[in-house]
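Both complexes below contain subunit A, partnered by subunit B and then by subunit C.
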Partner chain A sequence: MIELLNINKKYDDKDVLKNINLSLPKGKIISLIGANGAGKSTLLSIISRLTTSEGEIIIDDKNIDNYHITELSKKISILRQSNYLNIKLTVRELISFGRYPHSKSRLNEKDNKIIDESISYMNLDYLKNKYIDELSGGEKQRALIAMILAQDSDYIFLDEPLNNLDMKHSVSIMKLLRKIVKEKSKTVILVVHDINFASCYSDYIVALKNTGVLYAGDAEKIITKEKLKNIFDMDFEIEDIDGNKICIYYT
Partner chain B sequence: MLKKQHKILIILFILTIISCLLFLFWGITRNNYGYNIPRRINKIIAFIITGSAIGYSTIVFQTVTHNRILTPSIIGLDSIYMFVQTLIVFFLGTGSLVMVSGSINFLVSLVFMLGFSVIVFYIVFNGKKDKLFVTMLAGVVFGSLFGSFSTFMQVVIDPNDFLIVQDKMFASFNNVNVSILKITMLILFLSLVYGYKNCDKLDIMALGRDISLNLGIAYDSVIRKFMILICIMTAVSTALVGPITFLGILTANISRQILKTYKHSIMITGAILLSIISIAFGQFIVERILTFRTTINVIINFIGGIYFIYLLIKEGRL
Partner chain C sequence: MFKRIIILSISLIILGGISLFIGVSDITPLDIFQADSDKLHIFFISRVPRLMAILCTGMGLSIAGVIMQSIMSNNFVSPSTASTMDWAKFGVLIAILFFPGATLKTKMIISTLFAFFGSMLFVQLLSLIKLKDPIFTPLIGIMLGNVVSSVTTYIAYKYDLIQNISSWLQGNFAMVLQGRYELLYIGVLMLIIVVLFATKFTIVSIGEDFSKNLGVNYKLTVTIGIIIASIITSVVVVTIGSIPFIGMIVPNIIRIIRGDNLKNNIWEIALVGGLFVLVCDIFSRIIIYPFEIPISVTAGIIGSIIFLYILLRGNKHVKKTA
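== the complex of A and B ==
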């Protein structure tokens, strides 16, 4: 479980996150939703120690500051929204970096097995020897997700992982995340903009608004007309299709 | 894949040996070898020290700054070196033993250059995010400040003294300081051992701060360590032969271009070998073909300048 205690974050003099107290349950898919600029990316980078903040972060009963950086990188991994990938590196080489926390650059058989597994999870077999600077946006995104999967950490943070992805790959990635949460008891925390992915695939939802947590709870309790209206300031219709709550908001 | 890069490295290694042997044995006769060979061997050692320092520090500097047209000379160590040289002549005159006795000069230059880097990297950089460019800017500013001090003193001193100082402004292998060769070798060797051991971190750091931190590399403090290492190498090679970092832009980029790899251990080895080849071959031309009518500095700057313009045009188009 990850607990956040009194997290405050300012950029210059502007409050971005104020007095956040939140616990993120283990073994679930957790969606982070909210309008642009609500502070979702900032929250993710604070929990993964990419950005400093006031307050305490406790991961599995241990304060984040007490983790050694290598130990932490086996505990949590994060994929940020935008990445600099302008070097001569093949897809497979990029993905093998995911094993760095475990084996540094001396990869053993087990590492190679995990790397190949991540490659096929992301359907990258046909691209694995291509250079990353020659990939499309969506292909790059999938390669990065595969790297994060190879890292094999207990908690996986993904900031808008479905960016640049077509519908087919979006669905298959969400299904895969479900699968690793179930089979490998990982915890996945992701930012999604398509509310229906949050509704259909997540167990738990955290909604941010006005520098704070507006709601946090099981997905079916958050996906209601009233709450969505409060989160996004717009009207939603919610239909039940095959047991999934589908939100309609185009009209 | 890897095989091809290893082949290139082997070819470069052979070329390095050839250029050094060419330098060593050209024009040697039975009568002069007793005099020439030991001197030339000392020069070759200086080529290797300088080439290694340039090759390593330029590649690493370019990776941590994510910029292919920078060299460590931007930190301003050259200016500090010149400042120290001018200062010595200014206060003690050319006749001063200090200028002549290389070890003390070397030590003083080294202390000043390293002191300067420590101040810049510990006080300005302070291991903070996004501070690297501010730090380099500080280097540029302090560099030109000390440059102006030097110019001021050079204008004031006796013209004969000035000639001595002027000599120090350009890299030269003509009078390699034998007394400091051993200590520079040792410092450089230790730096390289440490540097190569930490090479694989650079492979990941090329992907930026976020990915590095995610994979358990303490990005900011590792950068600071690399910067200090770069400064040590640059300082040592500058104190040995004078300012020559411009060569790095040439060899680092050619190495990246022909080796086409993300692996820094390979890229750096390529850059080091290319640097040694250029220096040995350049010095060969200067000494044996042009019989000292020009300096290696002129050759390096001429070729380096053309290549630099080519790089600017190419990068500008991207």
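== the complex of A and C ==
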């Protein structure tokens, strides 16, 4: 479980996050939703120690500051939105960096097995010996997700992982995330913009608004007309299709 | 990979052999075989040290270059385009000024301190200005370097040291003699350290967030990288003098062929670095034989031609500054 106590973050003199107290359950897919500028990405990078803030972050009953840097990178991993990768590495080399926290640069059999597994999880077999600077945006994104999978941390943070991906790959990545949460008891925390991906795939939803947490709870309790209206300031229709709540908001 | 390393090593041995027998006094392999004592003397006091100095310099500067490129995430920085070399020269001047009669070792230490300080300053400067186009980074480096260099020259004039410093303003292997170049072997030590931490440096070159995620201490690795580059640069400046371009060109050529993973390309960068300086030095010695052109001139000319080629090839492999 991850607990956040009194998190405050300012950029210059502007509050970005104010007084965040939150606990994120283990073994679930957790979506962070909210309008642009609500602080989702900032919150994600604070929990994953990329950005500093006031307040305390406790991961599995231990303060984040008390973790050794290597230990922490086996505990949590993060993929940010802006991972420009103008570097000439093959896809497999990039993915093998995911094993760095475990084996440094001396990869053993187990590492290679995990790397190959991540490659086939992301359908990258046909690309694995290509240089990443020759890939499309979506392919790069998949390679990065594969690297995060190879890192094999307990908690996986993804900032808009579906960016650059077509519908087919978006759906297959969400399915994969659900699978690893179930089979390997990982915890996935992601920022999503498409409310229907949040609704269909997450167990738990945290909604941010105006620098604070507006709602946090099980997905089915958050995806309601009233709450969505409060979160996004717009009207939604919600239809139940095969047990999935689909939000309609285009008109 | 091994095939290429073997080919490179063989060319290095052949050209190294040729290099040993070029010079004003005529020495042939036969003389060595016959153990002609005068010629053996020249051979071991001057020729062999010169060859070793050439190899260590080329290798060292290339390693320094690729490390700087990794930690600054920019393919155009190097000791001579990020002001490191000018700071090292400034350090030597200060050493001469305040510690007259300083040994090579003292000069090297003071010069390293200055190179380290200056390079750190440059890195801080970069993180403050946030450049959009990666090509501006080396421009700022060269500007800063020129300012430092001007100050050096000014002080040298003022204290009548210009004769004294001109020897290391322009790199020259003609002065290399036994007992005056051994510091360069520190470069080999640095190479070993870089090989051990190769993956770390590659990860750092991708970016700060990326490194943090993988549990790599970004700031520490950057600092270590700058220390390594500063030591190599100062050693070269103190013993040989400044030589432009090598640190930038060699890693870029290898990158185009082999990619950016230091773990794979570090040996080739080292070998090609040695080879590049060796070829430049052979040119320097035969073009106006029996006289010599300073290596910095030859390296500058050959280097700038290759640099232009890399630039015109397009910015495809240029990394964006973070």
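As a convention for this text, the second predicted complex is superposed on the first by the 251 of 251 C-alpha atoms of A that agree within 3 Å, B and C clash if a C-alpha of one lies under 4 Å from a C-alpha of the other, contacts with A are read in each partner's own complex, and residues count from 1 in each chain.
What we mean here is this: contacts are C-beta pairs under 8 Å (C-beta built on N, C-alpha and C of every residue); 3 or more make two chains touch, one makes a residue touch a chain.
Just so it is clear, the structure is predicted and the values come from calculations on it, not from any experiment.
Visitor: After lining up the shared chain so the two structures overlap, which partner does A:Asp133 touch, if you call subunit B first and subunit C second: first, second, both or neither?
Guide: second
Visitor: Touching A:Arg80, do we find subunit B (first), subunit C (second), both, or neither?
Guide: both
Visitor: Give one of first, second, both or neither to describe whether A:Tyr100 is in contact with subunit B, with subunit C, with both, or with none.
Guide: Touch status of A:Tyr100: both partners.
Visitor: When the two structures are overlaid on chain A, which partner does A:Lys209 contact: first (subunit B), second (subunit C), both, or neither?
Guide: A:Lys209: touches no partner chain.
Visitor: Looking at the overlay, what does A:Ser48 touch: subunit B (first), subunit C (second), both, or neither?
Guide: Both partners, subunit B and subunit C.
Visitor: Under the stated touch criterion, which partner chain does A:Arg178 make contact with: subunit B (first), subunit C (second), both, or neither?
Guide: So A:Arg178 meets neither subunit B nor subunit C here.
Visitor: Shared contact residues on subunit A for subunit B and subunit C?
Guide: On subunit A, the overlap between the subunit B and subunit C contacts is residues 45, 48-50, 69-70, 72-74, 77-80, 83-85, 87-89, 93, 97-98, 100-101, 104-105, 151.
Visitor: Provide the residue numbers of subunit B that touch subunit A in the complex, in ascending order.
Guide: Going by the criterion above, the answer is residues 66, 200, 203-204, 206-211, 213-218, 260-262.
Visitor: Provide the residue numbers of subunit A that touch subunit C in the complex, in ascending order.
Guide: For this pair, the touching residues of subunit A are 45, 48-50, 69-74, 77-80, 83-90, 93, 97-98, 100-101, 104-105, 131, 133, 151.
Visitor: Across the complex, what residues on subunit A touch subunit B?
Guide: The touching residues are 45, 48-50, 69-70, 72-74, 77-80, 83-85, 87-89, 93-94, 97-98, 100-101, 104-105, 148, 151.
Visitor: In their complex, what parts of subunit C are in touch with subunit A?
Guide: 198-200, 202-203, 205-207, 209-210, 212-217, 255, 259-261, 263, 316-320
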